[in-house]
Amino acid sequence: MSSKLVQGYEVVIGFETHTQLSTQSKIFSRASVAFGAEPNTQACAVDMALPGTLPVMNQAAVERAIQFGLAVNAHVAERSIFARKNYFYPDLPKGYQISQFEIPVVQGGEVSFYLVEGKETVRKTVRLVRAHLEEDAGKSIHEDAALGGGGQSGIDLNRAGTPLLEIVTEPDMRSSDEAVAYAKELHKIVTWIGICDGNMQEGSFRCDANVSVRKPGAPLGTRREIKNLNSFKFMQQAIDFEVRWQIEELEDGRAIQQATVLFDPDTGETRAMRTKEDSADYRYFPDPDLPPLVIDRDWVARVKGSMTELPRVMAQRFVTYYALPEYDATTLTQSKGMAAYFEATAKACNQPKLASNWIMGEVSRLLNAGDMGIENAPVSAAQLAALIGRIHDGTISNNAAKEVFEALWTASGDLVAETGALSLVDTIIEAKGLKQMNDTGALEAIIDEVLAAHPKNVEEFKAGNAKALNGLVGPIMKVSKGKANPAQVNALLMKKLG
Amino acid sequence: MSLQSQDMVRMASLAKLEINPQELEHMRTSINDFFKMVQAIGSVDTTGVEPLAHPVAIIQDVTLRLRDDVVSETNRREANQKSAPAVDRGLFLVPKVVE
Amino acid sequence: MSHLHDLTVAELAAGLKAKTFSAAEVAQHFVTRAQNDINATAHVQGADNTFGTGSFLALNPEATLAQAHAADARLAAGTGGALEGVPLGHKDIFVTQAFPTTAGSKMLTGYRSPFDATVVRQLAEAGMVTVGKLNCDEFAMGSANENSAFGPVRNPWDMSRVPGGSSGGSAAAIAARLVPAATGTDTGGSIRQPASFCGITGIKPTYGRASRYGMVAYASSLDQAGPMARTAEDCALLLSAMCGPDLDRDSTSLDVPPEDFSRSLNNSIVGLRIGIPKEFIGEGLAADVRTAVDAALAELAKLGAQLVPISLPLTELSIPVYYIIAPAEASSNLSRFDGVKFGHRAKDFTDLESLYKKSRAEGFGVEVKRRIMTGTYVLSHGYYDAYYLQAQKIRRMIAQDFQNAFKVCDVIAGPVAPKVAWKLGENANDPVADYLADIFTLPASLAGLPGMSVPAGFGMGQGKPLPVGLQLIGNYLKEAQLLNVAHRLQQATDFHLHKPEGV
C-alpha cells in the first residue's frame, strides 16, 4: 500500500471490529437480543451464568459467519473450536468469555475499496486475518449516582450473550483516511448481506483501532489500541490525535507503552484506560461444554446459492454490462437502494450513462438537500427513465429536463399516482411549454428573419470568421424562446450560409 | 519442576483469591507434592496424538449441535435475581468501576 | 412385613402400585428418619451410635408431602409412572427449586435455583418423590466427603470413618436406610468409590448419557450423573429414567434414545469375557480388598463368566492426568462465583478487586482453592502445552488402551479403591493421599466409560467388617451389560443385603 508520511513517520493501523449479528436469540441461549429492554429482563439463567446452566449454539449466528466469509473471499473452516477466555469483570457473568482462539470459523479474506487521493481515486485492499464468533458482554452503568445509595456501578446483562463476529485485519492501513474508508466499506458489506443492522449508536458495529508509527523501513512500532470507536467521525479524530500524540512522544524521546486507550469526543483526545490487572493471561482453553463446530461444504454451498449479489460484484457487472466507468459503478453500489434505482432506470430508458449521470447528479443533489434516502425519492425510476427518454429523443433539452425534474420532484402525490410515468412527464413538458421546436418550416422562417436583421454577421461569417455564427445562433434561440433544437439550428444555418 | 512463592502469588491474583502468606506457603507445599507426580507425563511420547476433548469422540465424531434461532425465554428477572447479594432497580450492584 | 426403609426401590414401587401403602406414608416415614438423622448429627458427642451420618443438608417436608400426595392421586388414577411415589434424595450438586442448593459450599449458602436440573425433572416425571438434598464434598471435589462446608459425612458401617466421596451423603444415606435411592455425580469416581465404601450399588453411565444441565459444574468434560441404591435392579430402574438426550440444554449430551436398563438384568453371563487389568491388582492393593474382590470374581466365574487377564498400561498416569484436567476446568467453571450475581459476598470490601478476592476466599474451602490454584497454573501462559494439552493427549491414549482391551473382553472388573474406608481426618494434611486413592476409578472417568460399584464382600483388615466394592467397567453405552453382570452377582450373593449395625 502507498504510504503518506506524517512528519517523517509512517502510520500503521490494524482494525478489530465487533459486529453484532442480526439474530433473534442470543448466541448460546434462547433469550431475545432486542435492544433497549429494562435492565436484566432479557438475561436468562444461561446469560446470568446461574449454577448448572450450559451453552447451546445458535445456528443463525454460524450461518451469518459463513455469509461473511463468502462475502470477503475467506476460507470458512470445516472445523473450528470455541475456547474460553478467562478474566474477571462485572459485565462478564461466567468469569470467562466464550470465543474462538486457535481455530476461528473464518480465516483470511480481504476487503477492497476506492479512496480519493488528490485527484485520482485509487483502489485499496486490506487483508483480513480472521473473523471469529464470540459472545458479547453485558453493560456497566456508571452514570446513575443514586444507584444503590451512591458510589456504585450497575450491571445490566441484557446484552450478555449477543452474538458477535469479531473481524480482525492485518496492519494494512497507512492513514486515518484509509482506516475510515475500510470501516465504511466493511460496514457496507455487513449491512448489504444483512448479517448486522449496522446501528453504530446502539453498538452494533464497534471498531477498535490498533495504531502505531515508525520511521519508514523500521520494524513495527509499539501499538496502542483505541477501543469502541462507534462513529466514523470519532474514528478519524481519534486516530489523527493518537498519531500526533505518539509522534510527539517519540520526538520528545519517550518510548510508547503498549496500552488500551479510549477516545473522549468532548476533548477530542485519547487517554489510557485503567489497565485491568492480569489481563495479560487469559488462560484460553477449548470450552469443554461445546464440541467442535463442523460446517459441511454443502451448507456453505447452500448459503452461497442464497446470497445476494455483493457490491463489488454488482459494480463489476455495471462496468461490463452497462459500460459505466468504475467510479460511477462504485458510487451507484454504495447502497442496495441506490443500485436498484439505477438498474430500474437504466433498463427502462436504455440510457445507462445518462441514468447514472442523473442519479449521481440531480437525484443525489435533491436527496441530500431533503436529507432523505433513495427509498423515499418522490421521483420514481420509471419517471426518471421517461424524462431521460424525452431528452434522448430530442423532445426537450437537458436544461429544460432539469425544470421538468424539479416539477416531478414536487408534483402532488395523487397527480403522480393517477398518471403513468410517460404521460406525466409529457403533461409537465406541455404545461411548461418546454418542447423543442422540431418543425423545420417555422424554424427556417425565424432564421431568415434573424439573418435579415444581422447582415453584418452574415458577411463576417462568409469572410471566414466562424465566431460570427454565434452572433446569429443567440438571437435565433431567443426568438424561438429557447425551444429551437441547437443542432438543427446549426444545420440550417450552414445550409443557408454555405 | 515446582511452583515458587511468586508463582503462587500470581495464581492467587489471577484466580482472585485472597490467601494469606502462611496459607499460601502451605498450599504451595501440597501442590508441589502433587507436581512430583506430574513429572511422569512429560516423558510420555504423544507425538501425533490428538487431545481428547469429548471422551466419546474416541468411537464416534462428536460435533456441535446447532439450535434454531428462536426466542423462548421470557422475563424471569425476579426469580433469576432471587439470590443476588445486591440489586437496585434490576441492576446488579458492584463498587464503582473506573475505566 | 419388614420396615418401609428396608424395602428396595422395586419393592416400594410394587407396594405402592398394589396400594399396600401410600406414597404419603412412605414419604412421611423417610422424612422422619432423615429429620432424626439431622437431629443426631446436630449434637455429635457421645458414643459412635449416637452420631448422625450428616447425610442431609436440606429437607422440605411440605414440598415432599405435596409431591407424595400428587403421586397417590396418579396411583389412584392408575396413571402413575414406573417409579411413582418412590422416595429418593438428590446430591446437593443438582439444582432444585423446592430445596436450597449449596454444592457443599459456603459460597452457595441459601442459594435458590429458579429451575430444576434435567435429571431432577426426569426422576420427578417418573413419579419419584424428593426427600431432601444430600451432603457432598464442596463442588464435588473430594474422595472422603470431608471437604463439605457443612460438616463431614460419616460411614454408617463405622461412624469414625469416611463414607467416601464426593457423593458421600448419597451413599451414607442409602446405607443408613434414610433413602432407598439417591442421585450422585461421578467425575473421577465420586459415585463408585462411596458406593464401595458404604456397601451399596452405584453406576456412572457413559459420559453424555445423562444431562449435565442443572449440575453445578466441577469438571465439564468428566462430570456425569448416575443413580445409587442398594441393588443393581434399583439402579437400572433409576438409570432408565435419568438417561436420554437433552438436546435443548446440554451440547455434550449424546443423542442416544432412552433405554430400559431392566430389560436384560437376568441375561445369562455364561461365556462373558471379563477382563482383569493387571495394573488394578498389583502391590498397593490392600490384602483384605484383594481377597474380597477375588471372591467376587470367583462367583462370576461360577456363573459362567470367563476371566481374562488384560493390561491398562497408563493406569498410574491417570492420576496426574486427571488432577491436571479436572482442576483446569474447575478453575474456569468456578469463576462465575464472584459475589456479584449470586452466592457469598464478603462484608468488608473496599473496591471491586477486594470484593472478588475476599468473597471467593471466604466462600471457597481449602481444597477448592487448591484446585483452582493448580488449574489456573496449568492453563497459564507458557505451561498450557506442557500440562493441560499433554494431559488431554495422554487422555486419548488411556481411552485407546480401553478400546484395545475391549477387543479381548466384554467387561472389565477390578477393585474400586485400593483400601476400605479410612478414618475421618486420616488424610487431613495430605491431599495427595486422597488423590492416590482414586487410581482405579480415574481411568474409566478419563475415557468417559460407564462404570459401577457392586458390593463384593467385606474387608476384615480393620478389625471390623468394612464394605468392599467390585468395579465393573463397560464399553461406551454398555450400561445394560454392567447392570446385568451386577444383578447376576447379587442373585448369587447377599453382600448387598447386609445392614450396618444399629440401623
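A, B and C label the chains in the order they appear, each numbered from 1.
In this text, contacts are C-beta pairs under 8 Å (C-beta built on N, C-alpha and C of every residue); 3 or more make two chains touch, one makes a residue touch a chain.
Since the structure is predicted, the reported quantities are computational estimates derived from the model, not experimental observations.
Set against the C-alpha centre of subunit B, every other chain centre is closer than that of A. Chains B-C form the pair with the most C-beta pairs in contact. Among the chains, the centre nearest to the mean of all shown protein C-alpha atoms is found for B.
With centres taken as mean Cα positions, subunit C sits 59 Å from subunit A.
Per-chain Cα centroids separate subunit B from subunit C by 23 Å.
Taking the mean of the C-alpha atoms as each chain's centre, subunit A and subunit B sit 42 Å apart. Across the assembly, subunit A contributes residues 45, 48, 50, 56-57, 88, 90, 155, 277, 281, 283, 288, 290-291 that each touch 2 or more other chains. Contacts with at least two other chains are made by residues 111, 114, 221, 248, 251-252, 331, 338, 340-342, 352-353, 356, 376, 380 of subunit C. In subunit B, the residues touching two or more other chains are 10, 14, 16, 51, 53-54, 62, 64-65, 67, 76, 80-81, 86, 92, 94-95, 97. By the touch criterion given at the top, residues 10, 13-14, 16, 51, 53-54, 57, 61-73, 75-77, 80-81, 86, 88-99 of subunit B touch subunit A in their complex.
By the touch criterion stated above, subunit C contacts subunit B in their complex at residues 110-112, 114, 206-208, 221, 247-248, 251-252, 254-255, 314, 316-317, 319-321, 323-324, 331, 338-345, 349-358, 360-361, 364, 366, 369-370, 372-374, 376-377, 380, 386-387, 389-397, 399-400, 403, 430-432, 435, 446-449, 476.
Against subunit C, the residues of subunit B that register as touching in their complex are 3, 7-8, 10-12, 14-19, 23, 27, 30-31, 33-34, 37-38, 40-42, 44, 46, 49-56, 58-59, 62, 64-65, 67, 76, 79-86, 92, 94-95, 97.
Residues of subunit C touching subunit A in their complex: 94-95, 101, 103, 108, 111, 113-115, 117, 212-217, 219-221, 248-252, 328-329, 331-332, 334-338, 340-342, 352-353, 356, 376, 379-381, 384, 388.
Looking at the complex, you find that subunit A touches subunit B at residues 23-25, 29-32, 38-45, 48, 50, 56-62, 82, 88, 90, 140-142, 147-148, 151-157, 262, 273-274, 277-278, 281, 283, 286, 288, 290-294.
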